[in-house]
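Provided herewith is a single structure, encoded as structure tokens, for subsequent inquiry.
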């Protein structure tokens, strides 16, 4: 493991970030046109509203493997993994994770350039037992897979 | 969004089966997915930085602090706690020893260094938490071997045992209410039997621990304080006699086990 | 002490697996502190993984990503010794970055 | 705050005598080690007869005459419902059984206390988060609905020590943790045939 750390906003940090954006701008438009943050989807307070902000109604697709625990020890940290079989569902350029009952259902969205496996692992907060969705965008179409995760009370319930 | 009833029934059946096999088995899949990425690694680094940072009126680091193995010796020091120190003629836990070093070596004010030893909601770690985490990591893999040579150390064990079984408060709870039987759980959390070597070693050996539900590393001092909160008792104070006695009881029961802290807990 | 990142990058067959752990409170803005005062929202909004200067993934995050966030991604190519970098920015203008070499 | 500083001071400056004397007097140790916080006041550290008798390691209690008379005393002190009605509303009882809050320093005293039955007991078969410190009570209603059964169950909730001295269970009635109405609601949750406790798992 290697650690580097930066504190607060450094001029160097901003310059680097600008360089990344510039580098990204040179990539194929299919991927990096999507680089802007999907603000409307993040601001949505209901699942259907968030889905609509991401695009058309997603179709269930078996090429998406969505792994979440059946039962989570605590809703503050729920591990999720989204993996897409590129033969079953090619050209995925974006993957989003949504949590049905959260105040803002969209938790995270990932832009994925060609050459990157569609494989994302992260951990999200899940306010209460509900369904989680993984949505993949390929060639402008949305596809999805869903899983229910039960969230339990900790300790003495307090 | 309701799942079919069959699935609920299967889940219930599976949970019952899991209960028979191992009480905490229900979370195996969850823990597998979590992997071994423990955010306590950050707190270990922060603790070492605190140790090496000159602070207080004396503007010195804690490097001359004697944790029992001689000034500045940190490797393997944590597994010998709680222990008697000749300079204070008292049995101390790691937390109170650190406070002693901060006040005597660095010249810091006792009230300010003990004002907030443990993070509150919204905090992101305290100096004591970071130091304890780093020092526990400095004992990782070492055998738990608290000192019991001194009469006061043995008296602390006896006192800790008495407090462990002391029932009080509106709910009549003692530590033993939840921690004197094996293979039990509260809701879905497995409860260690702290009267047994196995239970005590697993528990003592894994604190301090990153508490994923709180996004923080918590120390054993905090763990005890929060147990008593749930026991409906008043608030246990850091470095107090009852806290050190209970830690001595646990550590001695855990002796011979392996220090694996900082752990990763729900 | 925000800003730190721990990164591991390992070559596994034809892909490189990157695991990154970030130090960040990821406050939703909906919690209150012990005194009942609201804790301001403070969360990473954007995170990028770069292989050399080439972005291999860019994430947009909301406050629902857990505290001390973990991110795992895989990309094709990458050779032992290559540099992998993870960079984030948060809603308060903070940034963090970490770097490692592929093993 | 005063005791906190006192506690640390003890750790910093205590003499050998302070520790050994303290070991002889556990109450003094507790008084020096804890501080009152919100509703969790220091008088909670004082033990009554049941707590004193039951503060021994499991299996070390002698069932002598003293303990037998203590049990009889507890049984005699049980207060049955004033109107003779044992059963309230099982839906409200379900809330009491699931609520783990109440009487902690972190709890709002204005809110009702919970019974937290699920911390230790399995009840409704479709609830997955239950503890195992106590026996499963799933299907409890099938144990009977007679007056004797109602009175037995009420007594167990009111003061477990009336039957089972030094049980780990709180004394929900005798210690004023739950109100009479809440106890009736929990009774209904346990005994009402319509309660989920008495339904087969879906």
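Note that the chains take the letters A, B, C and D in the order they are written out, and that residue 1 is the start of every chain.
Methods note: a residue touches a chain if its C-beta (ideal position, glycine included) is under 8 Å from a C-beta of that chain, and two chains touch if they have at least 3 such contacts.
Note that the coordinates shown come from a computational prediction; the quantities given were computed from them, not determined experimentally.
Annotation: B-C is the more contact-rich of the chain pairs A-D and B-C, by number of C-beta pairs in contact. In terms of their C-alpha centroids, the spacing between subunit C and subunit D amounts to 46 Å. Rounded to whole angstrom units, the spacing between the C-alpha centres of subunit B and subunit D is 26.
Within subunit B, the positions touching two or more other chains are listed as 11, 26, 41, 45, 186-188, 212, 215, 230. Shown for subunit D are the residues that touch two or more other chains, namely 104, 106, 118-119, 128-129. In subunit A, 1, 3, 71, 76-77, 79, 81, 123, 150, 152-153, 155-158 are the positions where the chain touches two or more neighbouring chains simultaneously.
If you check each pair of chains against the touch rule, the ones that pass are A-B, A-C, A-D, B-C, B-D.
Residues of subunit A that touch subunit D in their complex: 71, 150, 152-153, 155-158. Within the complex, the subunit C residues that touch subunit B are 1, 4, 6, 19, 21, 23, 25-27, 31-34, 39, 66-68, 70. Of all the residues in subunit C, the ones that touch subunit A in their complex are 1-8, 15, 19, 28, 30, 45-46, 48, 50, 53-67, 69-77, 87, 89, 93-101. Within the complex formed with subunit B, the residues of subunit D that make contact are 3-5, 7-16, 19-20, 22-23, 26, 29-30, 32-37, 40-42, 44-47, 50-51, 54-58, 103-106, 118-120, 125-126, 128-133, 168, 170-171, 175-177, 201-202.
On the subunit A side of its complex with subunit B, the touching residues are 1, 3, 67-74, 76-77, 79, 81, 100, 123, 130-131, 148, 150, 152-158.
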